[in-house]
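Structure provided below as structure tokens; questions to follow.
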Amino acid sequence: MGPGAGLDEEDRILLFYFKMKSILSEADQKESPSTVVDSQATRELVCELCRNFYQLGWASGTGGGISIKEDNHIYMAPSGVQKERLKPEDIFILNDNGDIAKEPGRGLKLSQCSPLFMHAYKIRNAGAVLHSHSLNAMAATLLFDKKFSIKNMEMEKGVEGFGAFDTLEVPIIENTAYECDLADSLEEAIRNNPKSFAVLVRRHGVYVWGKDWKQAKTHAESYDYLFEAACRMKQLGIDPSR
Amino acid sequence: MGPGAGLDEEDRILLFYFKMKSILSEADQKESPSTVVDSQATRELVCELCRNFYQLGWASGTGGGISIKEDNHIYMAPSGVQKERLKPEDIFILNDNGDIAKEPGRGLKLSQCSPLFMHAYKIRNAGAVLHSHSLNAMAATLLFDKKFSIKNMEMEKGVEGFGAFDTLEVPIIENTAYECDLADSLEEAIRNNPKSFAVLVRRHGVYVWGKDWKQAKTHAESYDYLFEAACRMKQLGIDPSR
Amino acid sequence: MGPGAGLDEEDRILLFYFKMKSILSEADQKESPSTVVDSQATRELVCELCRNFYQLGWASGTGGGISIKEDNHIYMAPSGVQKERLKPEDIFILNDNGDIAKEPGRGLKLSQCSPLFMHAYKIRNAGAVLHSHSLNAMAATLLFDKKFSIKNMEMEKGVEGFGAFDTLEVPIIENTAYECDLADSLEEAIRNNPKSFAVLVRRHGVYVWGKDWKQAKTHAESYDYLFEAACRMKQLGIDPSR
Amino acid sequence: MGPGAGLDEEDRILLFYFKMKSILSEADQKESPSTVVDSQATRELVCELCRNFYQLGWASGTGGGISIKEDNHIYMAPSGVQKERLKPEDIFILNDNGDIAKEPGRGLKLSQCSPLFMHAYKIRNAGAVLHSHSLNAMAATLLFDKKFSIKNMEMEKGVEGFGAFDTLEVPIIENTAYECDLADSLEEAIRNNPKSFAVLVRRHGVYVWGKDWKQAKTHAESYDYLFEAACRMKQLGIDPSR
């Protein structure tokens, strides 16, 4: 008889459950031979949030995505893949300089957003950075010139440091042919707008961050609401910046 | 041999199932040592409805939420958290004066909406009160001055006391910098509009209640439909209040 | 030893599964002592479709719903309840005259739509009739006077008897204070528009039917698409009826 | 004792699991007596993607759908059915000439889109072709004459060969009474627009393809975003083609 002998039926089934879980868990660990702290939970969270963002329309095509910092390493989705179908083993892990510490292989490539994300991590000490291709964000860049501006909206409170009667501004940078070429102007926009947790990119989308993934996500939802509100206001002939 | 000896295979598996269920159930009860009647079902219902409202776009960022009265206690979501990810153990329980009877701890804070919710419970004998950040509700406050007004809509029947040809009005109060400062004007609006089950807050959202959670939810869905209908009508050049 | 003795481990687990299924199935049958043919599958289908329609925005509040004819009986949701939370045991069964053959009890009331639904069953020999509160249907009644009219749309093919270049019309009847008072004008509209599988009700919604639930549902989706298309066309300055 | 004797409890349960899986798998294979390579995974993928497209509003009524090429055979949904409720056994398999290699029977008919899909397979060596009835695609055909045209949008990168500052064009062909009659003009449009991975059909929808199902799907999402963006731009008085 095997290792289950002498146990209750119930306990043996329970044992079986934990044995299976352990086998599956070991299988995961076999992909992780390096000394990098590799959090399966963080890998799964990146995938779950990408599915969430796909549902919200922020990650259609292969656009959008999120990266999360955990134990001085950054978990980032690969480039050019369907974000709602990511699997935990597809995630890149970068060290806090932005260098690849562990890669999924299988031909997956690091996101071109990587240097952009790193600016928010370094300059703002972000805990998570996301990129959204939301049509609301894109449309907001058609309504304003250098800065998106809105005021007197309760939802502004969703962004740290803002009250309902403040003027909330988000800088808009011009798009570039290659995403990596956005890095310099994004860095400049981040430095010049210390109150903002987001940078819009003309006819493209928005980068949003927060001190952790929860704040990055709630910031992104709050900004997206404000972008959509501004579009609706314009249609009603109301100036959102007053 | 353990307690499963002498039983059929099938029965032992069934026994195992109920044993596991009992262990899990006891674990829940260990968190509830006080004498407060603490309904796990109500806690779960608050969470389920918050997920529902997130899907509807009523609780993006950390906005919106619902509280439910059960056995003279009020179950309320904490402040500043992602409403679609609430867990049953995150819920506050208040007594019917609005004082905290049981709190989740772990740094969670009572919602600022608490005093607002209490007005509907006390003045209107509500069984549930919800708060929505729906863009339809927000936009409705841009279209009207002191009161939202619509008539000749079948969906008015979704609100208790209203027929399809009645004029349905919802008072609009001005937003305040701090949510708690809304309490006085909300109370006044509730008292001055005895037929309304909702109060709109300018550029913010709406408070809706009902005699129980089912009515509060169906009221909220009906009001939201009417707010959206009014916005569509305005775009078509139709006056919703005629 | 019990009835599982002498069997393989695997077979006994299989046996257990079917035993549990049988117990659950008997429990269901105990609620059905009458001689009415009572299809659990049809009850479940009504509930599933109601959830589907809630997701589509056709059944917010307590509005909308579907009834399905099976073996000369009509399965119908009760009145004034949240349609997405219906359970199979909540369904009314009517005979083909519209009289209640079996009711759920527990204070549930037959839908006021019942006489309306019956007209489509009797006059058009429908196999399923649904009622939608879709904002697209409601808005379509604001754009047209006596009849909704659209042409040159591929989606017209989704309605039996129509081609992409036909003019598709849907009669619009005026709303009444009580839903039951719609019955006469609905009947008249059905008789006067033998090609239509739908009747719009001003500022209310739409009734749609088909030879079976599949056709009723695909008809309803096709009509809803055409209603939304007409609204979009009007906004772009295009006349949908030309 | 059966085949499980001498094994651990855990192993026997595992064995049971694989035995059940094998039984179910054999049942599937019994429906596949021919020599056609018949991939159950591809059948399931077609169904999964159809559910996905229904959620996106691309396959309401019985419209829309996807076909996928695998091992020189093309897996295609039947005509006139609810696409979100397809089952793997409903799928047609065609050889690479477009002839039926295996059919589901049960009265299911091959899609009228079949000859249209074949043009993309033959002329462009596509690995998957989809057809969407999205309202965004339909509306885009109302805004442009012979060709949809947009430029300076990041989302153009979602289509192979396009950069963010390119002009992306999609030919628009006129709709026909019978879908099969579109075949010639679709072929001509494909041949005349070698850079495009899509052809719009007036007041109907769009055909989109890619080298495999992933690219076809991401192409379709990117095009749909651009169609919606163009509609929003027109409403804001912005010309999308400049």
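A, B, C and D label the chains in the order they appear, each numbered from 1.
To be clear about the criterion, a contact is a pair of C-beta atoms (placed from the backbone, for glycine too) under 8 Å apart; a residue touches a chain by one contact, two chains touch by 3 or more.
Everything numeric in this text was worked out from a predicted model, so none of it was measured.
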Out of curiosity, which chains are bumping into both subunit A and subunit B? none
Please identify which chain has its centre, taken as the mean of its CA atoms, farthest from the centre of subunit D. B
Self-contact between copies subunit C and subunit D, residue sets same or different by half: different
Which angle of rotation, from 0 to 180°, maps the CA atoms of subunit A onto the equivalent atoms of subunit D, to the nearest 5? 90
Centre-to-centre distance between subunit C and subunit B (centres being mean Cα positions), rounded to whole Å: 29
Chain-centre distance (mean CA atoms) for subunit B and subunit D, in whole Å, is 41
Which residue numbers or ranges of subunit D touch two or more of the other chains? 13, 235
Considering only which chains touch which, how would you classify the arrangement: line, ring, star, complete or other? ring
All chain pairs satisfying the touch rule are A-B, A-D, B-C, C-D
Quick check on the complex: what are the subunit A residues that touch subunit B? 7-11, 13-14, 152-155, 158, 163-165, 214, 217-219, 221-222, 224-225, 228-229, 232-233, 235-236, 238
Under the touch definition given earlier, write down the residues of subunit D that touch subunit C in their complex. 1-4, 12-13, 15-16, 19-20, 60-63, 82, 133, 135, 138-139, 142-143, 175-177, 201, 203-205, 231, 234-235
